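Each of the next two complexes has chain A plus one other chain: chain B in the first, chain C in the second.
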Partner chain A sequence: MSSKAYALYKKDFYSELRTRYAINALVMFIIVAISVILFSIGNEKITQSLTSGLFWVVIFFSAMSGLARAFVSEEERGTSLTLHLIAAPSTIFSGKLLFNLILVFCMNIIIAILYAALFDSFIIKNFALFIVSFVLGNVGLATASTIIAAIISKAGAKGTLYPVLSFPILLPLILTAVQLTLLANQGASFGDAKFELAIVFCYDVIMLTGSYLLFDFVWKD
Partner chain B sequence: MFWKITLFILLAFVSVAGIAFPIVPVPHTWYEFPLIPGLKENAKIIFFHVPTAWLSAVAFFMSTLYSIKYLRKKNLDDDAKSYAAAQLGIIFCVLATITGAVWAKFAWGSYWSWDPRQTSIFALLLIYGAWFALRSSIESEEKRATLSAVYSIIAFLTVPFFVFIMPRIMIGLHPGSESIEGGKVIQTASPVVDFKMNGNMLAIFFLSLIGFTILYFWMWTIGYKSILIREKINKQSIRE
Partner chain C sequence: MSNYSLKAVDLSKNFGRRLIFKNLNFEIENCGVMGISGANGSGKSTLVKIIAGINSPSGGKIIHSSDGKEITYEKLHNYIGFVSPYLVLYEEFSAWENLDYFAKIRDVKFNNDKIEYLLNKFLLFDRKDDLVKTYSSGMKQRLKFIFALMHSPELIILDEPTSNLDSAGKDSVYKIIEEESKSSIVILASNEENDLMLCSKELKLENYKNNK
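Showing the complex of A and B:
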């Protein structure tokens, strides 16, 4: 199963490298979003809590603009029937999840670097805490967006529906991740943030289990 | 028929009692409510606010329950039941949000202050809205039922975070959430009913809760039956 999932990931990866559809759109989206924020701030000094909130605003909307591709492209090209023949639903979900995970990590690393470079108040004081919360947050973001993308790909009006459906699902994750980013920027220790870390970890586990159980129903129609 | 008459009497009594019974510092007779410090006359809205909030949660739970049932049995009747529950749920959710906002204006000073429970009811509104948007964008009946069932289950997975966890990490104003008193963070005794209500107030509160719940189940039965009949007529008219 894992070799098939990896093959599926490799297929998506190479097709992405060839067309650069998601990557180009994502990078441009990130640059546009951050420059809009920078223009609107101007010379103002903004607080750390506002910066960590804006950090997740950019991450959320970038994810919404890029992550739906994994399933929507299969439907648009009409290749989903072939996938039905080749592999079991859970394998397909693993492959797509792996691709989205890599995409989310690349995207968020770019965003984090840009934020650290461009925002004065975005100074990570506890780097280990930031990395742990960043990884946990990204896993949750990728999992929830992948299962919503699978639902969206079967519905009409895909582009507009995606953020609408994802936001309430991602809300607990985003609220806690904003808190965690703020704590890392303030230099809090792991002990201070253990409750928030536990929430994000639980969210990841619940979403991962739930989406593996429910993907069968979405995929078979 | 018996149920309808009972329900009418119950809700009429609760409405009259909830609005008209006077609030006095020391209640003597059965129709007088005690004065709750900090709430005063505002306390009366509890008879209408809490039942609506309770029913928006019940409707959401029932909608998910019938979604699970649909995914197990693939019977479109279950989808109609889930849809009827959600339709009522969004009505009660809007009512709870409005009554809550009005109460908050008079008790806490502003219509909206992102208290944890306000955040959760907002998330619930968003979930209902997204669910209806998803349903309206799918043509085929079976597909619509399956996908909306899956979405409502995924949305239900986030409920524990809003109900149990958010009130603990955010500073809240509702009873039962973490709050700051005299510079110290304290956890007030939990559930919502922990007001200083006396016996008759509690009785009317629970009567109101029961009355609204019966009303909900009655409306829900009519709702899903009308959906089933509408589908049947549609199919007949297509055949002819």
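Showing the complex of A and C:
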């Protein structure tokens, strides 16, 4: 990633620290979503597969509430024209992707820690497998969310369009990530999870390549 | 004097079934001021956005060349300075921070002397560390000129450059246009007669609306 993309990431990072455009929405969503799940479970014991599914449900909806901001905030403030005038499309996509990647990792690490602390059935038996699937899942989530955010930023009904458009694109990733998290919780080996790992890896590669190819067309009016 | 050339070939633009302009051809080389005039809604801003590579034309093309080589879309932003009322800078940063980030993102050297010279010239030096959101609309407009000129572009596009400016601000803008047009191409889209008096060539958009 070039120094220009890193400079754009830094601009977004400091802008976020001053405006709290995405962080506030994300933190509130994580707290509310986990609280609702805890209240609805009560004293019930939930299975490992349900915990894995709920883990990625929280991640998916948290991503929906925060990751669109990368492009939507530029469009709403009218600064996307300024971006056009200072950087090439590939630089803009790389900078925004880096910002979303770091945001997704921070957000999901917090969710994982809260899950491990609050849910008895969320016990990771193969930690290495969990980390690999967590990293691959987050890369896919950040890449897909970034290109979808760029697409919907030009649309009128951004708020509703983002989850609607994201759901079919993220579904294969979420389903496979749920399966991988379940395997890690059950203590399965890398050999047992190789099929799911290959799917997530291929998803990441396809999404990254497709996004870079598509972004020029999305960005230019 | 730069070796920059800008050529429009059979340029046309429609929004749906509404024709904005068609069969627009022009060429400008090295330096000078070219004016674009037309009534409100005639497509001046659309044309300057197409020239800057922000919007795509419906037909025809714009060719930017430097030293005889065509400039690709990926690199075009390095050659262009752009000022317009609808350009918005980052209000959560100060003027200095905005300019510093722009230099880093463009990957050009942040020339302290030049930035200080421009800030003084546009009477913003004393307010350079204040957040842009605390600026008046005239101050924001002057900051846009610094943004447009900080990287010494070879093509300067000014869309209604004197809007929001007082008479002192307008005089500074006219001086800048005169200075910059000796070494760069300046494209000026405006309805103000005083602005258009600076132009050596004028493109009247009403002449390009014939649907035949």
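Here, the second predicted complex is superposed on the first by the 220 of 221 C-alpha atoms of A that agree within 3 Å, B and C clash if a C-alpha of one lies under 4 Å from a C-alpha of the other, contacts with A are read in each partner's own complex, and residues count from 1 in each chain.
The definition used in the following text is that a residue touches a chain if its C-beta (ideal position, glycine included) is under 8 Å from a C-beta of that chain, and two chains touch if they have at least 3 such contacts.
Remember, predicted model here, so these are calculated numbers, not experimental data.
Taken together in the superposed arrangement on chain A, chain B and chain C fit without clashing.
In the superposition on chain A, contact of A:18 is made with chain C only, not with chain B.
Shared-chain residue A:197: touches no atom of chain B or chain C. Looking at the shared chain after the overlay, A:210 reaches chain B, while chain C stays out of its contact range. Once chain A of one complex is fitted onto chain A of the other, the partner contacts of A:82 are limited to chain C, with no touch recorded for chain B. Applying the stated contact rule after C-alpha superposition, one finds that A:57 touches neither chain B nor chain C. By the touch criterion stated above, A:90 is placed in contact with chain C alone, chain B being left untouched. Contacts of A:151 after superposition: chain B is touched, whereas chain C is not reached. With both structures placed on the common chain, the touch criterion links A:4 to chain C but leaves chain B unconnected. After superposing the two complexes on chain A, the closest approach between C-alpha atoms of chain B and chain C comes to 5 Å.
Overlap of the chain B and chain C interfaces on chain A: residues 221.
Residues of chain A touching chain B in their complex: 144, 147-148, 151, 154-157, 161, 164-165, 167-169, 171-172, 175-176, 179, 195-196, 199, 203, 206-207, 210-211, 214, 217-218, 221. Within the complex formed with chain C, the residues of chain A that make contact are 2-4, 7-8, 10-11, 14-15, 18-19, 77-79, 81-82, 84-91, 95, 216, 220-221.
Residues of chain C touching chain A in their complex: 49, 52-56, 73-75, 77, 80, 82, 86-93, 97, 101-102, 104-107, 147. Those residues of chain B that touch chain A in the complex are listed here as 71, 119, 123, 126-127, 129-130, 133-134, 137-139, 142-143, 146-147, 149-151, 153-155, 157-158, 161-162, 165-166, 168-169.
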